[in-house]
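The following block contains the structure, expressed as structure tokens.
All chains are identified by letter, namely A, B, C, D, E and F, in their written order; residue positions are counted from 1 within each chain.
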Amino acid sequence: MKLILAMIKPNKLDEVHQELTGLGIGGMTALEVKGYGRQKGHTEKYRGAEYQIEFLPKIMILVAVNSDLTEKAVQAIAAAAKTGNIGDGKIFVLSLEEALRIRTGETGPDAI
Amino acid sequence: MKLNRKNRRPGLGFLKLLCTVYCALFTLLAPALSWAQAQSALDSGDTAWMLVATALVLFMTIPGLALFYGGLVRAKNVLSVLMQCFAITCLVSILWLVGVYSLVFDSGSGFLGGLSKMFLFHIGRTAQNGSIPEALFSMFQMTFAIITPALIIGAFAERMKFSAVLLFTGLWLVLVYAPIAHWVWGPDGWLNQMGALDFAGGMVVHISAGVAGLVSALVLGKRKGYPATPMPPHSMTLCVVGASMLWVGWFGFNAGSALAANGVASAAMVATHIAGAAAALSWMFMEWIKHGKPSVLGIVSGAVAGLALVTPGSGFVGPVGALGMGIVAGIACQWGASSLKRRFGYDDALDAFGVHGVGGFLGVILTGLFASPLLGGFQQGMTFARQLPVQFLGAVATLAYSALGTFIILQGVKALLGLRVNPEEETEGLDVSLHDERGYNF
Amino acid sequence: MKLNRKNRRPGLGFLKLLCTVYCALFTLLAPALSWAQAQSALDSGDTAWMLVATALVLFMTIPGLALFYGGLVRAKNVLSVLMQCFAITCLVSILWLVGVYSLVFDSGSGFLGGLSKMFLFHIGRTAQNGSIPEALFSMFQMTFAIITPALIIGAFAERMKFSAVLLFTGLWLVLVYAPIAHWVWGPDGWLNQMGALDFAGGMVVHISAGVAGLVSALVLGKRKGYPATPMPPHSMTLCVVGASMLWVGWFGFNAGSALAANGVASAAMVATHIAGAAAALSWMFMEWIKHGKPSVLGIVSGAVAGLALVTPGSGFVGPVGALGMGIVAGIACQWGASSLKRRFGYDDALDAFGVHGVGGFLGVILTGLFASPLLGGFQQGMTFARQLPVQFLGAVATLAYSALGTFIILQGVKALLGLRVNPEEETEGLDVSLHDERGYNF
Amino acid sequence: MKLNRKNRRPGLGFLKLLCTVYCALFTLLAPALSWAQAQSALDSGDTAWMLVATALVLFMTIPGLALFYGGLVRAKNVLSVLMQCFAITCLVSILWLVGVYSLVFDSGSGFLGGLSKMFLFHIGRTAQNGSIPEALFSMFQMTFAIITPALIIGAFAERMKFSAVLLFTGLWLVLVYAPIAHWVWGPDGWLNQMGALDFAGGMVVHISAGVAGLVSALVLGKRKGYPATPMPPHSMTLCVVGASMLWVGWFGFNAGSALAANGVASAAMVATHIAGAAAALSWMFMEWIKHGKPSVLGIVSGAVAGLALVTPGSGFVGPVGALGMGIVAGIACQWGASSLKRRFGYDDALDAFGVHGVGGFLGVILTGLFASPLLGGFQQGMTFARQLPVQFLGAVATLAYSALGTFIILQGVKALLGLRVNPEEETEGLDVSLHDERGYNF
Amino acid sequence: MKLILAMIKPNKLDEVHQELTGLGIGGMTALEVKGYGRQKGHTEKYRGAEYQIEFLPKIMILVAVNSDLTEKAVQAIAAAAKTGNIGDGKIFVLSLEEALRIRTGETGPDAI
Amino acid sequence: MKLILAMIKPNKLDEVHQELTGLGIGGMTALEVKGYGRQKGHTEKYRGAEYQIEFLPKIMILVAVNSDLTEKAVQAIAAAAKTGNIGDGKIFVLSLEEALRIRTGETGPDAI
């Protein structure tokens, strides 16, 4: 099992979500994060004082998948999240040792 | 409210002498008379009420409408809405002083007023309008000129350039608002002369702004992602606060249009309140029936719709008439803000047309019904046969003029500055892209 | 407000006959004159003030109370509170027009008024109440009828069905509010006849709502998880804004109850403000001593408590009396909202009883003390021996009647619709489960 | 003033002649009498307006200023700002009643008033000030005494102990505000006697508070991390709402300072509004030119600057003068809030000095120009040569006295309680560390 | 060492927290997330426009534990978070390579 | 490749960010979290009811780095975030199996 972490542009969540459910992935978790990268941030100004805002709003998605689906899931996310502009984001894959569904107590691949 | 002054013909036949004496006396007395009139007619109670009514109507725009609209947009655009409301307030105030007040309320032609009141020249502290200082009358009317273009922004929210909003507002105020207001309220305005009834701005404010909103929405096009992407209000809390402030401020708007603290103002307050309450409930129950749940956005939208619809009639209709008008408002404007909009697919973001256009139009027509004493109204001697066509003509004329004027002005602004922000700016949100600020930093 | 008219004896010397004739004429003309007076005495200043006072009291409920209460609940229930305040405003307005105004202010029996003023029939623009239009008087009183049931919702917040709130409000207004208001303020109300002093609604508004809140809290039961789970206010910011608006609006409530812009209104404004300020400080310092830190919720709760407690006496007590009443309010209502509540373990979510019940009760009693000129009050000729028992009777009668009425109505609503949302809806939050909306989408 | 009711003894016996003479005399005296009455009679219209103006000015502080300032600080300190505004409101109200009103408005010496009006003794419901009840006059002036120390907190926001704020406020009110207000507005105040023009508080409110703010900022030192760490406003939304409320409330502040509902009040309202609008635009456009984008904080700060600057002149200058003053305000106060502050490196957190100090000072001077009929003002018979030095003297005297007084008081408070929270408390935020509460729990 | 990631119902945080401290686990980190899974979301309606909200509020907990405590910790979380209804959530276990306590510089198991 | 997770004090983000960019690390993701640990929380009081707030605001940083930079990055974060007071936070290091830059499709170390 793998745990996929993807940082994407905020307005891409819906498309990514659709792609993943299209693959039959029935669960995921999303959260709002601030990302720093090559995409330059913006300036905010308050009464003449300038603030360089370097962290931009992104959405991070966590998806636990069975190992065989990993590649497909990663590709699906990448395809849906891509705009071709700087700041499209990154996908990271971690190895997942164990999973457990709280409601049923199922573990391993069944729990995902 | 109109003052009907009948000319009295004193001299008759051959009485030259008498006539001469009369004229001489008149000349002698004129200054004293005019002074006496001016001095004696100031009513501190009426003035007190109008000072407050002015504050209340300003309160409707900032912060009332700003919050109502600001709560309805996405968080990334909230400041752009507040900014537009605030800047419109300032810009209109200056233009009003410079000349728009004169264009509306100075006598000129049936189409537009003169320029003798520019910069409030010669008005000072002592000139009066009825029983209140004219400077105060001008301030009160200014607040109407402020809220009208501010209503329009609901239609093009979340996508228009700020510079374009400013230029549009200035041009629209002079080229669309001033003439329409003069037609309806100017001493020699043609609709006024025809006896069109518009107590507090059904035509001048709501039809003109609602239609301008529709045209803007069509000219600017849809927001990126509309209607596929959900664009839920970022803060229904702000929205409810704004709607509540609009309601309270509307007492200044409608009851203030009596220009006096009297029975007319009181009756207008009753009509206003009852129509707002009835429309809120009718929108809420309709929605409850159609969608299964009553919503906060529904009930507050209903209140605004009822308050808008009753505006032209508020000083003429009785409480039961207002109840009827309110019920109609809740149903009709709900249809305008959902079915109608979806049918034609334009993106009137915050339903400026659906609520104010539809409500204003129906309100002007229904005023021609419910103002009649037969239906509990206060307009003595009114007949449907005479009034309804005039109301209809007024509604259609303001609608057509505002539509045309808005369209032309938008083309001009587009040529000069462009109308829309670019797609990246729209995605990032207008707050950061146009103003380098964000609404919230928690 | 009482008018002191001193009889002037005109007759002089030996002209007995003339005197007799004069007296006879006066007697004959009196009714006509008094009618004529009523018609002719419209005072634009008083009318101006009452127009504004009406707006101010409406402002207390929407958005004032809505924000004060809305800020105190958890974020998932904020809209349900705003919705209840808004819907109560609308519903009460319509019911008031239909008949409740008549039930309260028409003369009838000592227990309830008649129905001749339904729909404001025959009132129009010209009927007067004292020196102001009767339509305006009715509007002003309507705003009291709006805020009273809105106060109650603080007790059952975060768990009651919206449909049940609506039905409860309608029934409670007719069956509980109308009678109590008639007793105290109706021309022939029995408490009014006995000389009970309630300037702006200590019995009618605060006791009746506070007690209804306590009964509701007991009948509905505690919120899921109370008191183990922390349920901190989701936005103290909104809460402070709401409390501030309540304070400002309270000037309309209390000083407006003079029904005129005069010395009574001014003295009422002073008393109101001083009591609010004193109670805010006394609550804050008490808390500072007891808990080690002064809190924002403490100071604003204190202000509301002081404003509530002084309400029945605001037009009768002097500034020093108001100071005393304020200090008592801060201490007593703090006890009501913390110790008392915890002692008995009921879940009066936002302390409708702790603040308004306790404050209202004490205020009615203390009015019987501080209204006396001996203690700096303005109620000439008042004696403690006569006034205090009447005040006590009034407080207990309204308390008992409201408790009983509320209990019965709740049983009825429970049978018809059920009172509480189900546990899943409560966990999810009323905003989404009842209204399909969320307060914030940042 | 008291009402003098003269007993009229009507006709006596058969003395026809006497009666005739009486009637003739009455006719002759009527105008004189009516004039005498006018002076002494309570005017319900003026009273109505002043009741409302009082409410409006209270509304400026809570919630207006509280929100304007609260939105500008970081989220962890929002409650501390709201708490300070609220507590200042309460504390000043009580002190005002106890004796500060008397110190300001009782006659005494040129430097300070007497104590005969402590606790509003002998004022009751009937004493008058001009055409309004004196109790109301006192309430209206109280609201000025409330907002002045509340303005100061903008300078030392986010770092001062709450207990120190309370003690400072009490001392400052008595030792700084009371004398200055007496100088300018007291019946025998020395600046008043010299003919200094300060219609609504340019010296009393804005210079005194602005300078006190500067001194506090210098004495307390910078916030931890200033200016390296960004400290953006946590909610520009609240800030705009607060600024809008300030604007609306300012009508009560300035037009209310006419103490009557008349032409002076109306002209003051016009001047106030135009200056606010012009300054908002001039700040916005300056910023647009300098920084490339117009900002919401810029436009609202401009409005506040314009409203502050025009305050001393609002009742004296014409609309075109107000326009000029507004434009100056936007440019000068922007300079005060950015360049000046950065040049000298003090941390006037929310620009109490930059806006109110700079604006107040310029406003007092410019009043000496634009009040002249030569420049469209209403101050008949004014000459620049006489007025400008007086204005300058007044501005400098209040500036110097406030600076000195503030400095001494701060030293005293520091010795007694300490001024600043400790660094951990500052990092954690004042809300949790001083009040055990948080602004938001979403 | 292991890093436990658990998505739970928002109102279960207190109970889970208590269970874990009961086991002697002295540190954890929690954050608000939006979860998609079998639990169906709800509809929001604004002026007749319906929005299907598919992501529901959840809380995610991160707990670093020593390997021997892992099983106990997972069971404790599962027990405390369980309601038996759909949407109870998932627990994921990752392998933790290194840990460091910033204040003291301690590393490895001591740092947890 | 490694994925570094660091919980730090909220006002330390800027310094940590600077240290990391100083090392040539060009990307990271930050989010607001609530932390529980040895640092005691505070009490909130509302109308006499006391709430013990045990979770304190922290910021969590996620940085994917190439294995050779890991040690340096961890030390840089620790140095910048350290105040010496309780509550300074923890740093966790996980093994990262795969990384992908959405915009370009680059994978592995190139993607970071």
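Criterion: a contact is a pair of C-beta atoms (placed from the backbone, for glycine too) under 8 Å apart; a residue touches a chain by one contact, two chains touch by 3 or more.
Keep in mind it's a predicted model, so treat the numbers as computed, not measured.
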| item | value |
| --- | --- |
| Each chain counted as touching chain A and chain E at once | B, F |
| Path length in the contact graph (chain A to chain D, fewest steps) | 1 |
| Interface numbering overlap (same over half, different under half) for chain E and chain F | different |
| Mean-CA-position distance for chain B and chain A (Å) | 48 |
| Centre-of-Cα separation between chain E and chain B, whole angstrom | 54 |
| Distance between chain centroids, defined by C-alpha means - chain A, chain F (Å) | 17 |
| Where chain D touches two or more other chains, by residue | 43-46, 48-49, 52, 232-233, 261, 291, 293, 295, 297, 436-438, 440, 442 |
| Interface hub residues of chain F, defined as touching at least two other chains | 31, 44-46, 94-95 |
| Inter-chain touch pairs (all) | A-B, A-D, A-E, A-F, B-C, B-D, B-E, C-D, C-E, C-F, D-F, E-F |
| Chain A-facing residues of chain D, complex | 227, 230, 232-233, 287, 291, 293, 295, 297-298, 301, 334, 337-339, 342, 351 |
| Partner chain E, residues of chain C touching it in the complex | 225, 229, 427-428, 432-433, 436-438 |
| Complex contacts: residues of chain E adjacent to chain F | 3, 17, 26-31, 62, 64, 94-103, 105, 111-112 |
| Chain B-facing residues of chain A, complex | 11, 14, 42-46 |
| Of all residues in chain F, those that touch chain E in their complex | 2, 5-8, 31-38, 54-55, 58, 60, 74, 77-78, 81-95 |
